[in-house]
């Protein structure tokens, strides 16, 4: 792992109207590192990655890229740096077909004209890598199932040549097989030396692929843990802010009932 | 468990354009039973529950309610029977606030006029039951995080007095604590004698709360299993259609690496 | 009377005369009528001031403008109504407040004075001119009539007048429709007329004004029809140019040089309480009606050029120079 | 908190098994709350300005700017006479704009409203000559309702885009209007007809205007007070007394000044009273009834509304019926203001002005956001511009058009800029 | 399969670690495929009709119905003279409608296109008297581009809804037009001006029309063939030879009949050639370039497009520039057809007709769906109705308006009903 992080956030503040969503959040991602960003619903995870992706400008704080502070005010800025983002709400164009969505903004061309044949072929290859069946790559994404849409969004991030890949709950809608493929993919990305930010509510997945877990709670950092040496319970306690929470209670109850 | 199922589907067919999505699907739900509907991405799970909910009319087949065949062509029909549905894509009105969304179609009134005060109070109670923090119940749902929206959609299904509750991947976007609360909720619903259809890709959740698992594969039934006597692996094999799949391969690999 | 509290007598100003014109799609109102009217008022009453507005063919707007003048204490208004029938009501109201109204160009029931070119007469003249141009072919000729906009009450008068002159004297009116005062619509109607009547069967075309005649003539040229009489109205420069070029036969000239000064005279006299000096009476309203003039190849020089409405240079562009010389326009 | 017991039963939710589970507060601790006292208000106001949550403020500011500019240019723009005139001519298009607001809330558009107004005016005009006045008026208005129902049916049931249905209506009804008028190009208002009174009758007793003003202010105050106390009783956030007083005070000043203005001239105009009644009723319907809620829901997302069991087709049809009805009422006002029905009634720029009024007032073209009050504010802006420009006596009317366009643009630019801030602050 | 190496590099994706993982086919086995031979076609056609995926078929059917009905009513509707006249008057509004299609693809509307056309016509008219013809034409068209850029800037950068910006433009530019025209109400086309030729010039050589027809058909055939063979080489689904031949055959019949018709009259009209060139170029831009793809993306979802790194503001501005430019070109055609620039050029129902043409042709008002060919089909429908009704010689335009409204509605109802089936089949 390199010394300067590829991407570093320092003291990020973000407010929407009367809600102070982020208050002084720090985060570091190194090349070849998978950072899991976890936290309760509404903790501010998606808002944080959207500031990195240039969707919302930050109010205060510094975004550093390979050690230098950069300004990210539009999605283009972030893409030019080399950040590929898979949003929680997917952000696909419903009227365009799968191929057009996959290559949107990075179309393959031949003599200045769109090379539909090449794009269609590449799209099929990409999608089979992720083990998904789609009726036809030429139907509008509006007609796809939840999981199919999610896979298309993930595949989008792989077109291009990113240095950091941000995945905001990529496996939420995926089947068991597709989830396994995505986890495989994350590991491949790490092996290729990319930095990955993975947001997930699934602790098993997080423990399986992440190197570091950064916990966000009510818009503030609530600890960063190396995965290898941290237990499930410790992470959940950091997320919920209490060792006595609905999860532990439920577990206790189920255990009782099982006896 | 009663003898006649509350809801029974017999030989449901559904086609979209050139895609034959469902081919002769059967499903039964009894009072006080939690049926987990599982299947690969694009298997047709959401399409199936949408036909029950009256979003899409079926092409062929019979829907039986308490033993009698009924026609369900509009969402109202389904609601009048007593089906409450939480859709995978949530189906909230982005411009309305949380309170208005929760009570949409079932507003509390006082002398013919909307009783905003009563609704707001009830909304707060409902949401705290599900352990969610929302900046204010008076902001439009468009401003909510993915998990917050999902909880609002789940809470919507509890307003009213359903006999069957359909939950299409209700915990996909939820945090650990909220997931636990929703699983608790499902158990409470069963105890109250309601039938529940739960769609989920999370086998742990399915095994925790379901009584029966119905597997859908490529738009056809691929077995119905009692949870108590079925293993994880059997279900996954039914879903993927093979015992050698990405999940088992990944597991094998990870196990190897761990040694 | 800023606060509007005072009664109308105090607010009255004896130096303002209102002039309300109906639309601005025809250039004549703002380029001729208005300046001529102002000039004549200045000449007759040194310290009088003309307050002008244009309704852009909108009745509601004209009513507001009318009310505004009265509120500003104007005592005499020269009104060219968008809708004469409605204006009758306004006039009654205004008269109740001691305001006098000169009906300008279009008759208003109950007005204090009326100056116009008789619109019915305009239509008749158009019909007669068309008959004259047809000569002895008239009795068998099939006529195409493109009228003005049905929504414009004056268009109905032109149409009625033309029918008075034409009916029974021409072979038949083979096609008649409204061109909505729009050259494009008129052109399209002409194309349809050609299609249904037949290219070589059309004897003459009546166009309610020069603007539409432009579109009509383009359509005729397109179908290769030449040399049939086409008449218009308004003596627009483009119309005069077509007459010179020989594509249009005649137009009707309603000289604002007569209308505006006469209306100005009436207005000033009403303002100063003098005798009107009207030439006659129409429907109980003291009036002066000028005869409209048919302008064709022969009298361009003696009408519009002589009156100074257009200089010869306005009409005689480079490509028309030879023909101008031939017609003696200078 | 008191609710009808029936509704109460329906909203039953299984009680949580473990009472402690409900311990998490539903409210986010990150929500910034206003500090107490004046400083709190000032802070909040500053924050709201900065983040663009300022409601109708830009339009109101725009209105003031227009007033000041024209006063400076003409020297006598801010007069009670002008107030009266603006109100009088604003009523008709304003009422039509209220109908447009309903349609815009669905995210649709009604291009036929002008033609409907014209046709309704003609129907009334033709019938009024051989029928009792009230019957003719009723039939005129009903004709509008019917046309609206037709638009709604074709849109909702056949699925033709509303834009196209009403475009066809725009052409077709204008034709029908000419046909209904027959030979006549104008039918002057019969003497003694109520339609004449619509813009001519004034409650000339000074007490009328002041009385109405007082009643409005008192009703506003009491409604606010009652709401606040119910919310307090239910332990919900509520407006403090001081804020209610402040709001009531502002309203009182505005309303009393207007009343004073009207009394300086001819008294309280009937047209204003009718317009206000329509505004109040429609506002109530939209904000306080199930129907209104459903209109917003359909505007916010058809699929979501449909899945919530709302009868989308009925909402669409009824909204177009409302628009048609209000269009017809507006048509009678237009006829009244100009002295009768005519062939061009409702034509010209009438349609564009109504739509512009609704949009300038802040109702979104994309559905789901807006209030009927935007019709009032918007039409006041537009009518003030018309009045002011008429007063300026511009050399050429060409310039008048250009200025109208420019002012329209500027008015909306102010609004858009403020909303843009709002958007970047995540609230649009 | 050959791609530019650069793009190839960018699209790199990590190879799957376990090759077997890629074994799952990306195509769903539930996709119904067409059987071979005629039966397959018949089946697919039936299915498509039933599920409403029939593209422009309803409009084409509508056009045929209109032709037959008017032929029955007038006895001489289907004539080469009428074909010629319809083409001539359709070119101007049709070109304007192409611009509208671009704007509609964004989900926006351009209400100013008529006024822009009028202003551009006047600019050209005024300048043509003392400038070389070509310069005047260029400046006229540029004035349209400029106005479009203005609309686009205010919309994209300030955030004023396009509806309002162009509404302001609709008023403002019409005023400016009157002002530009100055004293004159009409400026006749100078003799010899190219604008005159726009609707007057014909390639009277019989070979021209037939030649163009053959070139078009051949080009179509070759393009289809090439695409199909490239797809086959890449192992993607492709059109079989037989289908390509069928399509080419249909096109050939249509085009040759039209050519024959034109040759019966004065030959191939220049206006048609220009209109077709504009259609072909814009169609190419929309379907085969990155720019076109981005236009569709913005129309489908602004936020998604923005996040994909598309410069949404630039797309918006440029689309309004295109609309302004094409509006100006259309304005010159209008001037040409009526014999010169005039004050009412581009006014009246021109605007509504252009928008209606685009919509009737099948372009969605809600963005993201449509083709430029809808401008051609739509304007042909409308202009045929106008020509046919004009030929019927109805006494009053009132009835004509009503019929236009009704026919417009019926045309779209057919379309909507078919699309409704489509929607319930999940493809809308």
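Which chain is which? They are A, B, C, D and E, in the order written, and residues in each are numbered from 1.
Following the convention adopted for this analysis, a residue touches a chain if its C-beta (ideal position, glycine included) is under 8 Å from a C-beta of that chain, and two chains touch if they have at least 3 such contacts.
The structure presented is a predicted model; accordingly, all values stated were derived computationally and were not measured.
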Sorted by label, the chains bordering both chain A and chain D are B, E
Computed over C-alpha atoms, the centroid farthest from that of chain A is that of chain C
Averaging C-alpha coordinates per chain, one finds the centres of chain D and chain E separated by a number of Å equal to 37
Dist(centroid_CA(chain B), centroid_CA(chain C)) in Å evaluates to 75
So, in whole Å, the Cα centroid of chain A is separated from that of chain C by 74
Whole-angstrom distance, CA centroid of chain B to CA centroid of chain D, is 41
So chain D residues touching two or more other chains come to 18, 21, 28-31, 178, 349, 396-398, 400-401, 426-427
Check: chain B positions touching at least 2 other chains come out as 16-19, 42, 131-136, 143, 181, 184, 218, 246, 249
Within chain C, the set of residues that touch 2 or more other chains is 24, 150
Chain pairs satisfying touch are A-B, A-D, A-E, B-D, B-E, C-D, C-E, D-E
Chain E contacts chain D in the complex at 111, 154, 158-161, 163-165, 167-179, 349, 352, 355-356, 359-360, 365, 396-406, 408-409, 412-413, 416-417, 419-420, 423
Interface with chain A, chain D side, in the complex: residues 18, 20-21, 28-32, 47, 51, 53, 424-427
Given the complex, residues on chain E that touch chain C span 74, 76-77, 79, 81-82, 85, 88-89, 129, 178, 181-188, 190-191, 199-200, 334, 337-340, 342-345, 347-348, 350, 386-387, 390-391, 393-398
Residue positions on chain D within touch of chain B in the complex are 1-4, 7-14, 16-18, 21-31, 227, 230-231, 234-236, 288-290, 293-294, 296-297, 299-301, 303-311, 367-369, 426-427
As the complex stands, chain B meets chain A at residues 16-19, 39-43, 46-47, 88-89, 131-136, 139, 143-148, 150-151, 169, 172-181, 183-184, 201-204, 208, 218, 236, 239-240, 245-247, 249-250, 254
